[in-house]
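As written, the chain order gives the labels A, B and C, with residue 1 at the start of each chain.
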Amino acid sequence: MRSGSLARQAWILARNDLRQESRDLELVLTAGFFSLVVLVMFGLSFSALDRHAQVLAIPGVLWLAVAFVGALTLTRIFDREREADTLRALLVAPVERQAIYLGKAAVTLLVLVGCNAILVPGLVFLFPAAAPMAERPLETLALVVLGCLAYTSVGTLFAAGLASSSGKNVLLSVILYPLTTPALLLAVVATRALLEGHPLFLTYLGQLAAIDVVTLALSVWLFESVLVGADASARRRSAAGPRR
Amino acid sequence: MTVPTHVLELRGISKRFGRLAVLRQVEFVLAPGEVLGLIGANGAGKTTLLSIVAGLLPPSEGERRYWGEPVTELRCEHRARMAIVSHTAQVYARLTARENLRLFDELRGTAGLASAQPDALLDRLGLGHARDRLAGTFSRGMLQRLALARALLGAPELLLLDEPFTALDRPGRALLADVLLEERSRGAAIFLSSHDFDAIAEVADRVLLLEGGRIVGQVARRDAADFRVALQRLAGHLPERDRMREGLRA
Amino acid sequence: MARLLPTVFLIVAALVFPYSVDRIFLHTPIEREMGTAQKIFYFHVPLAWLMMAFAVTSGIAAVVQLRRASVRAEATSLAAAELVLLTGLGVLITGPIWGHATWGHAWTWDARQVTTGLLWLVFAAYVLVRRYGAAGSDRLAAALAIFGAVDVPIIYYAVRIWNTTHPGNRVVATLPAEMWNSLWPALIALTLVSVALLLVRLRQELTDIALDEAWILFNERDGHEQQHS
């Protein structure tokens, strides 16, 4: 199938998910309010910190919020799929499996970046040490997108795998946090570098981008194998020789 | 060079989950314009078999041939020519009936595949009045018909149905039977599993009995003087409790 | 012959180990900066290397498992994953002991320490998914192992990327000859033990699968006889 149609199919599926979301706004509202709650709680807890301590605390706050919102988003998106079993309808249709992955990942990324539209300005408002994020909006945007992408690429693969196998939801948390933490740690380090005006910020950003490329490529490659699985029967039969 | 005459050919298909053998050495063929029925007790493996034919599940052993070509992995080009209606409707509750169909219509379109008109299909399946209602408000029978409409979008050459009559009321069953016979006359190959013996007797050309994962019996319409009676006799092999549930006399 | 391999390995390890301990504690000079506590290094480092090696093994076996639906590869992936947990436990215990004795902190949030802990958690998730997951979850677990294996280079370069309290990557390469010579026996002994365990576990898993198939065949024959009787 032509690669142009892969992108188009992913776009159609993503648009479809967004259309469904616009009907009841459940996901957007839940994620949005969650981000607000996180902001308020951290604002209250850390308001007394001096500037230096703030620089250390803010990155953690930001990416912890992303981790939680990410888990929430993925759970909601795939719970719907699992309830109606609609993933299976897509798997039997003449749709490229990778398009299914890309569509879902796109929607998740959109929600996560959207929540950052609440978190980042909120942090800037609450903590003076977060001012660099407002002063360098482009770098902040790049950081946010790259960090959320690292989370999304891994999370979508495993959430989809669990959704299609009538698996238990609790396993998603067990899987998601250890896998995404290395990338999130790098995002935390990069955020701190941004706040301190550290010269290595761009290097960290580059490394984050590299991790994104690797996890995205790996997830796309593995998606079909995880959801449907390969057929060994033909190979085994020919190895065993003709029957009778 | 021989032209492949069969749409579907299964040889030696077995499926195990750990210690549980769900299917053992299942073999049959399916020709275009033929309706093949599958009956069997609950847990006999009907849904597993349909999932394997639909490409959702790989078999542990055995070969599948689609249009004469041995296939280990159902690619887009195969999936474009077939469709499955499962016993769960698998439609998007937050989309209208028309939007559900349009989604798959568009997806087929990106692959350069033609589709029937969604509105015409909805009318044909008696859902014309509900075309702009959210699928989440549909009754179970309507959901089933919507799933069928989606399956028919691509005028599939191979149509698979898993317990399609179960959710339907009497008029719904009559409608489905009509649709299946229409598709058959169009040349589609149809493979369906069901508990409903009357319905199967009406539409099927041949019926297989699946028991304990094995095909243990077969009845063809053209071979039987009275197909319905032959079917009952075949079904007589079913365990007592299933026969009673279907209201069959021994 | 292959059956005896684990036993052979364990016997050789049983011989090498006392020799190794003797060398480390009695014949290797005490390190200048860190004192006697540094001796833990001779166990900690091989365990860390083994952990990463098993993680990579599990990942590669998982790739084969997914591409070829190979049962042997699946069993290998599982056995290697369990050994990641075992050796990882060794690393995560010896590390803090060393850290506490040397720098006064057991857990310093050093980058390598943290990412090793995370690798351990990833493979713990692997084992949990296999155990408690539904039908298709062996494939999901395989994906986990693959991502875990990809984590290994990240751990290896973690020291270079971040400022840490961990001794740099250069430490091992610049060891004086006597220390290096003491590292080898410990490495050999630990490798032999863990590979022996891997082989035993692998055999156990394959036997389990063979039993399942025998059970099925037996029932099949039984069913046949009942049908024809």
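The criterion applied here is as follows: a residue touches a chain if its C-beta (ideal position, glycine included) is under 8 Å from a C-beta of that chain, and two chains touch if they have at least 3 such contacts.
As the structure is a computational prediction, the values presented were derived from the model and not from experiment.
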{"item": "Selected pair, greater C-beta contact count between A-B and B-C", "value": "A-B"}
{"item": "Centroid-based (C-alpha) most distant chain relative to chain C", "value": "B"}
{"item": "Per-chain CA centroid nearest to the all-protein CA mean", "value": "A"}
{"item": "Interchain centroid distance [CA atoms averaged], chain A/chain C, Å", "value": "29"}
{"item": "Distance from the mean Cα position of chain C to that of chain B, given in whole angstrom", "value": "48"}
{"item": "Computed distance of Cα centres, chain B from chain A, in Å", "value": "37"}
{"item": "Of all residues in chain A, the ones touching two or more other chains", "value": "229-232, 235"}
{"item": "Residue list for chain C, restricted to those that touch at least two other chains", "value": "69, 135"}
{"item": "Contacts with two or more other chains, residues of chain B listed in rising order", "value": "58"}
{"item": "Chain B-facing residues of chain C, complex", "value": "69, 135, 212-213, 215-216, 219-220, 223, 227"}
{"item": "Chain C contact footprint on chain A (complex, rising order)", "value": "154, 157-158, 161-162, 164-168, 171, 174-175, 177-179, 181-182, 185-186, 189, 207, 211, 214-215, 218, 222, 225-227, 229-232, 235"}
{"item": "Of chain C, residues touching chain A in the complex", "value": "66-70, 111, 114-115, 118-119, 121-122, 124-125, 128-129, 132-137, 139-140, 142-144, 146-147, 150-151, 154, 161-162"}
{"item": "In the complex with chain C, residue positions of chain B that touch it", "value": "16-19, 21, 24, 58, 212, 214, 216"}
{"item": "List of chain B residues in touch with chain A within their complex", "value": "12, 54-63, 70, 72-73, 76-77, 79-80, 82-84, 86, 88-95, 99, 103-104, 106-108, 110-113, 134, 150, 154"}
